[in-house]
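My questions all concern the structure below.
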Amino acid sequence: MNYFGKIFRLTAFGESHGPAIGGVIDGVPAGMRIDTDAVQAQLDRRRPGQSVLTTARNEADRVEFLSGFLDGVTLGSPIGFIIRNTNHRSADYSAMADIYRPNHADYTYEAKYGIREVRGGGRASARATASFVVAGAIARQALETLGIEISSEVKSVGGVSGGISEMEAAIAAAKSDGDSVGGIVECRVSGLTAGLGEPLGGKLQAMLAQAMLSVNAVKGFEYGDGFAAAAMHGSEAADEFCRDCEGAVRTRSNHSGGIQGGISNGADIVFRVAFKPVPTIAKVLRTVDRQGNDVQLGAKGRHDPCVVFRAMPIVEAMTAMVIFDAVLQNRSARF
Amino acid sequence: MNYFGKIFRLTAFGESHGPAIGGVIDGVPAGMRIDTDAVQAQLDRRRPGQSVLTTARNEADRVEFLSGFLDGVTLGSPIGFIIRNTNHRSADYSAMADIYRPNHADYTYEAKYGIREVRGGGRASARATASFVVAGAIARQALETLGIEISSEVKSVGGVSGGISEMEAAIAAAKSDGDSVGGIVECRVSGLTAGLGEPLGGKLQAMLAQAMLSVNAVKGFEYGDGFAAAAMHGSEAADEFCRDCEGAVRTRSNHSGGIQGGISNGADIVFRVAFKPVPTIAKVLRTVDRQGNDVQLGAKGRHDPCVVFRAMPIVEAMTAMVIFDAVLQNRSARF
Amino acid sequence: MNYFGKIFRLTAFGESHGPAIGGVIDGVPAGMRIDTDAVQAQLDRRRPGQSVLTTARNEADRVEFLSGFLDGVTLGSPIGFIIRNTNHRSADYSAMADIYRPNHADYTYEAKYGIREVRGGGRASARATASFVVAGAIARQALETLGIEISSEVKSVGGVSGGISEMEAAIAAAKSDGDSVGGIVECRVSGLTAGLGEPLGGKLQAMLAQAMLSVNAVKGFEYGDGFAAAAMHGSEAADEFCRDCEGAVRTRSNHSGGIQGGISNGADIVFRVAFKPVPTIAKVLRTVDRQGNDVQLGAKGRHDPCVVFRAMPIVEAMTAMVIFDAVLQNRSARF
Amino acid sequence: MNYFGKIFRLTAFGESHGPAIGGVIDGVPAGMRIDTDAVQAQLDRRRPGQSVLTTARNEADRVEFLSGFLDGVTLGSPIGFIIRNTNHRSADYSAMADIYRPNHADYTYEAKYGIREVRGGGRASARATASFVVAGAIARQALETLGIEISSEVKSVGGVSGGISEMEAAIAAAKSDGDSVGGIVECRVSGLTAGLGEPLGGKLQAMLAQAMLSVNAVKGFEYGDGFAAAAMHGSEAADEFCRDCEGAVRTRSNHSGGIQGGISNGADIVFRVAFKPVPTIAKVLRTVDRQGNDVQLGAKGRHDPCVVFRAMPIVEAMTAMVIFDAVLQNRSARF
């Protein structure tokens, strides 16, 4: 099930250390002018090594589009794309072939498939999210044409929710301990009309939750008041309706996070995504190997102590895919 | 998009005040003995009016199976079922035809479809979850045969996380105020083998999140450490591996909530679901009608001040559908 | 896989001798006024016993709609419907429990599922097509609003392609021999705009072929010149383009059957469907039972010697579903 | 809708004159040893210029696999692949930008999308079938491991159904006239067990028909007796059952073409596919351009006068995909 979406659908492929990753985006309407430089710019946002907050490794991911365009305008046919994996250092992984890294997918993939690509986590690698970013960037450009904007911000890192300098300090502290930290990203979609989303199996929050929980390291999703709503009274959580100066129906507050009954109400969609700390750390952890031996494992080399900042373009990309798919599905809502 | 699941798939229908709700369950393997009384028992758990904690209205939902069985054994053909709506009191709703109830789907459905079933919330009614319970009960029986058990408990109500009596007091207090409370349900799946779940678009946590966020009033989902993981260090959140007495790979802790890389690792799957307070309350709220008038609205009659206890069988049913679908999908994982 | 369609989707259920058959139609746009009497009229066309050409048994199929409408207008929510099975005569089938009828699905269903509903062919019964007719009748009304008409005619019966009286004679002759005859139905869709259909996996002819080969007793599908094209030269089969009086592009002929590259060109869509003779005949045939005994089998009682006339509403219904789904899919073709 | 299949699913992309065509094959079970040379060999069978019967142009299609394998064994992750388009001669097409070639998809694509890739037919090009051949070759290897063989033969060319020399003469005659011929391919699947195929929406013949009608130039599909059955009596078309020496149920004849009630009965699956003559011919045809001018058009250069021989690997590939998908779906048939 390597796909997302009903009409605007990404089917993705690729192991982190194979020749390439990539995908096919089906359901792209014809006649959209796509700025491929802007797609690349989104990919660059995801790249490690671009700031003090992230690791220094430099993966220069270049997307190559193979179909679906004529002079920068979509043809209505599927967009095929690939991103070559250039950073092969497979020798690094030979020692890992028999060991199950804690909190990685090594053991579960082997349990499921009976075979496992050891290098870089194979299919389970976060590298797969580069394909999400490409497809999301296409969707995002479509949405921008419609006046819909997507943005995100880091709300907290390792429990620290102050300014950037406090977060940097928390990351630096974890790094110097050979440890890592998690964090929370909040995403916002503005400029929506009311009426997007499907009932029951295609509620907007359900599609967003599925998309977010598909991103590596995500442990939770909440929208509007989220988990805090569980501790509230109905009268506190109520979004009373009013009419704005133009006579349009508006909510006076946004406890609902822009979605009611699975369908957008025109207010900003607001949701939060919880990321666990990176599992690859220098601190030594206990594990086992295939042969049944106990093993001690500490990551060597440079590793990101915090992926939350790099996760922002991924969260935004997944959001763009979900929202644009909802826009296209909505075209069949009325006769 | 009124369906869930890839192989074991429920397609559901029904407005709360139409003749019936129901669905078709496709992808049910042949040869399963189903106890239809046990299905009805799950439906009864969902019914209001069965305890002091829920409202006194008595909807006696009776599921009628129309196909898919021969002498209590599944045929491999789809199971069609209906539940008649017996409690029609449409007169109650005539005054509501032009008013958008706050925090309901009245406005969004009308914005999307240009038409709306006023009575009981129509398709957006929580009544639709009765169909989930029926399909989930079928899936659950299949899982039980495989030694997989699903259970849930209410972790907190209106912010109160003590014993049942404290929760009752919180609900009673809200009720006497004409108000309502939310809460958190934790669900646990035990007895799983490692290897369930699909990569990328079908990660187990993503399917669970989609399923849970499809349930009325749910505002958040988290598994394992969930949102708390965002404040942790990597060394705290690590599930070290060991081998148990039989030599099987086990995690020493369960921060992962039983899922790693989207695939079950054999530990219990543990997740939590946040429910907002019921939006229908006696306290007066401000809203507008279609004509642009300001309106004041306070619910009359008896209404559930808290749906969290009734939500348990729904959470369990959605879980059962997701897990059984993963079991069936997993049959194609290896050649 | 008991469903058809991508946006306008029927999921059907029901054994011929269970309590009911029926289905859920998802993806019905809101705001369509549906004449349920016209739906019933289509069902009546399918019923046996309505003319000298068909059998005298009288199954009065009554469709009951359970959801999706408000005062005859679609709500955008799924339409659930059932048709009760009234004609239970299960005693007739007890002798058949262990015997595999030639050219029926008795043996293959048992081979697949390890269990079989003996009465009336169970899920494999042509009775399932009644659900197709209901969903197709909804789609048909939508298409009529758009000026798209679907009609069919019987081109030949048992190899006789003259007028109705010759066909009647062929059927009567077969009947008196305790035998049955097949035939060919031609279907025509007119009033289409150019541009319907999807490339590759959703070509209009591929969707029509899938739909037709899903109907019981169908052995072949061809569109435009069909099999005859295989014996033609390119210059004979060419549809030259011209412009009509209004300046619109038209083909001078219709060898293409209204579809080029999988997409409608505005000309009538024309295709033919081959039905095999009814397998249930009075003539004695050899078969085996479960225990390994040789058995001789001749159908008793009245049986249709020819289903081709009754098949017309089914062919039209499947066509309507395919075309309306293509209309809805086409709404996302352009940005 | 650029995909085929439910579990074993190809999603394909590519215009004939873009950088590359290719696809993603999802649902490939882990642990299959794939001979990539054998995949390439299937691609080579499809290539023009390999015999006197086909054109002399030499497209050396080389498939490049990008993911899904470890040392030649499938990982269970999706297989991404591309085939570079090397034969770009776009200058040839500049004169065609405004002209609708008769019997091509030029006009319909433009009517649907409002934009069209002129060079080589773009997405509508038969070049897309190269991706089918790659995916089909993977499926075929899986089937061969299970003892299932797929073969095909040309039954007739331009109405001539004798030996190869008569067919060659018919093709040569058409070629010298600047014309083309169609033909019929018969395909056979042997070594099947009974029980493959799904009821209703997934009948084996319906999946095969959809797959075949998705291939360029196909105008018809029939299985077993096919259209001839329409002229037969029930007693002639009956496949009586017997038991073979091992006691297994067999049909004494194969009018059913190996499928009864949509499910394989263990006999060979036999079906025929009708191809129309190639539309690109030297003979001058009338058409129009975008501006409304009448145009006369005759193809220059070398063109295949008959694609039927090259179509065999494509027919076989589509068949392999359908059958392997049915094999995987069947794993959920019983509990």
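In this document, chain identifiers A, B, C and D correspond to the written order of the chains, with residue numbering beginning at 1 in each.
Everything that follows uses one rule, which is that a residue touches a chain if its C-beta (ideal position, glycine included) is under 8 Å from a C-beta of that chain, and two chains touch if they have at least 3 such contacts.
Note that this is a predicted model, so its numbers are computed, not measured.
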Exercise for review: Quick one: point me to the chain whose Cα centre is farthest from that of chain B.
Suggested key: D
Exercise for review: Tell me which of B-D and A-B has more C-beta pairs in contact.
Suggested key: A-B
Check your understanding: Can you give the whole-Å distance between the Cα centres of chain B and chain C?
Key -> 38
Revision key, fill the gap. Whole-angstrom distance, CA centroid of chain B to CA centroid of chain D, is 44
Exercise for review: Indicate the whole-number Å distance between the mean C-alpha point of chain A and the mean C-alpha point of chain B.
Suggested key: 25
Study note, to complete from the structure: Flagged in chain C as touching 2+ other chains are 1-3, 12, 30-31, 74, 76-77, 109, 112-114, 123, 199, 333-334
Review point. Across the complex, what residues on chain B touch chain A?
Key: 1-4, 6, 12, 100, 102-105, 107-109, 111-114, 121, 123-124, 128, 156, 158-159, 174, 177, 179-184, 193-203, 205-214, 218-227, 229-243, 247, 249, 251-252, 255-257, 259-266, 274-281, 283, 285-288, 292, 294, 329-330, 333-334
Review point. In their complex, what parts of chain D are in touch with chain B?
Key: 7, 27, 29-32, 74, 76-77, 142, 145, 199, 328, 331-335
Point to revise | Contacting residues of chain A [partner chain D, same complex] | key: 1-3, 11-15, 18-24, 26-27, 30-31, 64-70, 73-80, 82, 112-117, 122-123
